[in-house]
């Protein structure tokens, strides 16, 4: 059975069904979308259960010739890293649908279109993580911009069109640079035993270091825009401020992970030597992202902008973990991707709910919410704690792994990175104080607390956040072999402890 | 007489035509300049044919004349139409489409 | 004396059929009743193109045959390009068939009583159909031409009808006439250069056939300055036709002024023909002299990509914007030409097909967006189109995505193929510029989408007419082709790869 | 030895806390009782384990419980597992014991608060986190508890966060703690990089092979952590503000337990500090500075809780100082920690009782003569007072005296300095504590007519009484026959190192008692007469500085906060203008060139022809040049 294709095709099928619905039935479109996404989530869990932890290499491999004249194959396969990211994506989609049950109603077009776009996006998300053919990856990578573009521009708020355009242009720019690099490596493969896009075969190529550096940059800049890494981040706050909360969740939670995922899967795997060359610069950029994102988050007046900048800080951690080139760093970074997905989801969803109730997303307009809407306030608080990596919540494990993994190779970077811990406390607690604490700001007296639907949406997210904080082992067990494999293939090994090393 | 001189003449005619297109305003004159260029080419063809002693070039000259005649038909049609609309044959007057 | 000339009619059949159809069309103008002329002409034209295509299929397995005493070369690329031209022309004619786009009486002065009465009488300038066929015939011949005379004649045969067709718009006739005038004057100017170049090539090689010139190029004994002048001016003629910088200036004006269906036809089909001829000349004739022309063509390719993309950004008129976009695409195509390898040839052929269909579709959609005074090409007035007719807007967006080279559209595969070929030839700088200008180009395509979907309806009388069946077939088929070529281009690519070898 | 019960110590209160939070208002009626029972049962388990431990020989008293493998990546292996040894059981009993008493006290103290259930949920959460802190068998497990208590502290300080200044105080506490946490996490990183493990046992085993630099690094980072959590210089400023929390919280978290976590951390890491003399010296210095710092601040505060908070700071300074004195000091530090837990908690509860009777008035200048109206409070408070200033035979005497003695006897000139500081601290302590007693319980009444001071109910004074008993007896119980020192010996490796004693114990004790007497005398002399209801403003500069917490807040504001805010504002502007601006500039350049090139498209056919002509020349020229 073609598990991965089925997984990817299912949402597309749902989208098609919704497309055939008459216009008036926007409610059935919702339910259909929800049903589809839940089915996809179940299939995703099934795949996870059938995943064999100890088997090296890609699993659930599918390989069909697609465009033979260019050596392009439709080939899918997942390792542990891809698996957890796919799992996160398919779990987040139904949550986003439930959470934003009415999100589709304020848009330029009807609900139908909204859910079609969401489901198409889900297909693309699965595809981008599952592709093992570089060309196929690129196709998904670029094509997924289109639904997001329309989701932001069509259903967002404020300067949504401008934000959507900015998002698209940034991404296209990066994508096109990557295209040039993909072409480059493809041409080189042609000189060394036949044109191919197969990731494994491409990683065997011998490329001279100058070329490798340029190709690496082509890939890396695209991923750095996506991730986003300072100074290529300015699209993100705008997009996040304009998009609906659900879209933002998918944007920051899943799409941006493609960037960091790509760094592991493509940058390091294909260009180990250049990865080594550029590591110092990238670590510095990551550090700047961590601190810069944190400071900017502190300075934000808009709650969504704040979350966006916290994400920039978090992506700094992820990038740093990846380029620390240690198993702790890599596993930590991968786990961080998942955890960040969930904690940002929680933050964005709750922020979206309270903004909608209040009709404003300016932090100063809130105040005393803990007295008015206690459950919402607590949910936001817990999500915030996860974001500041409180031990016992999921992000802590990953953030600490990243830091430890970085320290063993780049102590100075890790030391500077830990400053992010303090700043994280500031950027979470300042808005918490302004929005949740203090006297009740006029205009907030009559806000309603969380609804049943919202409870259903947020409960699994919070549960995951807490569960993974205490017991990240299931994920780490899956991620570790993949991290080790990536690093071994690229020729890295963990620094041994100075005392009693192996 | 050195046949290269015919080539110089041809080049001169061509240049006159090419420059004439740029400096003259009247559409008809511009068009005639183009015809001059075509004929310069014809002269070159014939000269080369003469130098080489083959007939190809001379035959091409006839083709060119036919084509030029066709061009006149089409060109005059267009110029006359626009003259009727605008009451002017200045090519500078037709400059609505720009930027 | 030599043998009686053998024309080999079967090889020339597609061209001859189209020419024949055109002549019959002219006769129809003379003898058919005015009321039925439009239908008859349309049927005749589509039928002619269809039969021509069938006859082309019959000779599709020829990979090397000369016809008309070696004047016409029937090889793989010829067949591919003729096929592409016929297909594009077929769908373009469907859109042209919606004769509301054309003036009732071309000879009538705009705004005159004569024009009004012609309009009221419902007269139609059905000569547009035979003109189209003549142009198609020229286009079919152009890439197949194997000697200088044929090349020149084909160039003129394809150009002259287009000059006229550009002036036949129903609305904004002053624009249209001006477009015709500009196109004609500049086109003739460029033709003159072309001919002058041809003369010097003849003087250089004492041969009019491409293979003869090629032999002289390899021999290297003949007079080099003649080769230089010949090469330069021949190139100029071709560069003009495809709208390369700095010979591009006519493109935006003509594209904007001409009747939209004609613009679509011109943009799509002329490009195929001109690039076809260019490929043959550079790949076959001057390949060995590439160190002469490749550097400057590289510069031109870069300039064309950049100028097209950059200037398009600030356009307010959608047709004009697409004109600049077509200039940028010419630049992309150039990177395939100067790659000078088989991959480049194949990529260019694929790109031409992909771009041709997207162009037909896009201009087809533009013909549908109107108010009472005709088509609306002012971009600002496209605001809210996405709400009023979502399907048409979606289709147009899809074409724009194809132009921008977003994956899952034909444009992406084309761009990928062509950049790959360029990279393969070692011309990495061109690839980088190509990629950058693609990024710039994306901006103005997206701007149109923003206008259609995200700008607020300004409530003016913009309507989308219900497309006639033919037009809708044409645009939806174009969309379909664009999608299929993007998702599963394998059959087409295979066909191109088998056929794409020039024969000298 | 393993045990299966340890997890319940943590799980019960943790569950209870989550349960009460989830149930919400439904649990309002019985939540406080439920939480108190849970806390009591945790104490029960602790006591049970304690008895079991007593039954075993001293070298095998430690028990462990492995729960599950928590983080396992490459060589980074951390189990969620617990360790109960002589050190941790001392804390467990203190935390659950004092904790339970304070739960009981709070039932009455918080009875009028609508959110009492939530308060108890937080208290239970704190108990769980604090127990995890002392039970974790590795630095990382400790870290979880470490941040957990920080969170609990944050929540409880900000319990009445509808008042903005309370919310700010909570935030300040959390941030200051986080700065310390950076130290802890860095220490863990260095430890992992050095030893390849972060468990206490693993590190201790390999410690001998490590370089001094690494050990010093770990030590200093742990010290940083301790300064954050235990309100030591220079991270002490949050503690005063933390008094915004309800008084039981101040008693439990900010006096008895959480703030002493730093002492626990250093004692737990004795194997590191014993091998890193530089770090140890820093510990001593920080302790000495803080004990003076706190004491000086204490002299100037009119707010009863802030005065007590300053005293806490100072007393923890003593403990930290003791931990820096090497193997001999750990036991005394912990002993002082335990006795301090009793008397300071007792005094805080007493202060709460006073506030309870005085409509939450905290300004001691508006008290006066309360002894007669609140006899039980006055007596329990008084017993705590005697303990803290170190009057024999009260608890504080035993523990503090030992610290001063050890300080004096440490080597070289260092001993004289720190001993002197400790002694001076004792003097100042006696002064400010006497001041508190005088202002609050004796003299003329200075309160408003509206106030009706009254004794607190039994639920409140009961716990106070028990703590008072502790303040009286615990010192003697722990120190007689060196009981506690030998109890802790297996953990801290203090194997009776013989010191050349500079001062005989009798001498030190005498000096200390004299110092206390002087302090008390000065206080009586100064506050015997009438005390103005409003703090006089024409005081000397030192008093002013002391009232402002020795300018620590001003320092932080000037050096950290303002530059930080400026940096933030600068970066926000940079992001918009410079970075996004750069991107926009690229766009503007493209658009500008677009407009520029458009101008060539002027609509005149002749200029197009000229362009072609020009192109022709350029083409010809280039091809010609290339050909040459």
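Letters A, B, C and D mark the chains as written, and numbering starts fresh at 1 in each.
Quick note on the criterion: a contact is a pair of C-beta atoms (placed from the backbone, for glycine too) under 8 Å apart; a residue touches a chain by one contact, two chains touch by 3 or more.
This one's a predicted model, so the numbers in the text were calculated from it and none came from an experiment.
With C-D and B-D as the two chain pairs, more C-beta contacts join C-D. Measuring from the averaged C-alpha position of subunit C to that of subunit D gives a distance of 78 Å. Each chain gets one centre point, the mean of its Cα atoms, and the points for subunit B and subunit D are 96 Å apart.
If you average the Cα atoms of subunit B and of subunit C, the two centres end up 25 Å apart. Look at where the CA atoms of subunit A average out and do the same for subunit C: the two points lie 44 Å apart. Within subunit C, residues 181-182, 185, 189, 193, 252-253, 443 each touch two or more of the remaining chains. Looking at subunit A, one finds that none of its residues touch two or more other chains. In subunit D, the residues touching two or more other chains are 598, 601, 603, 605, 609, 616. Looking at which chains touch one another, you get A-C, A-D, B-C, B-D, C-D. Taken in their complex, subunit A has these residues touching subunit C: 66-70, 108-109, 135, 138-143, 145-146, 149-150, 153-154, 160-161, 164-165, 168-169, 172-173, 176-177, 179-180, 183-184, 186-187, 190.
Subunit D contributes residues 21, 24, 68-76, 80, 140, 143-144, 146-148, 151, 154, 158, 161-164, 167-168, 170-171, 174-175, 178-179, 181-182, 185-186, 188-190, 192-197, 206, 209-211, 214, 567-569, 571-572, 575, 579-580, 582-583 to its touches with subunit A in the complex. Of all the residues in subunit D, the ones that touch subunit C in their complex are 590-591, 593-595, 597-598, 600-601, 603, 605, 607-609, 611-612, 614-616, 618-620, 622-624, 626-627. Subunit C makes touch with subunit B in their complex at residues 106-107, 109-110, 148-149, 152-153, 156, 160, 163-164, 167, 173-175, 177-182, 184-185, 188-189, 191-193, 195-196, 198-200, 202-203, 206-208, 252-253, 256-257. On subunit C, the positions that touch subunit A within their shared complex are 346, 386-387, 390, 401, 404, 406-408, 412-413, 415-417, 419-420, 423-424, 428, 431-432, 435-436, 438-439, 442-443, 446-447, 450, 453-455, 488-490, 493-494, 497.
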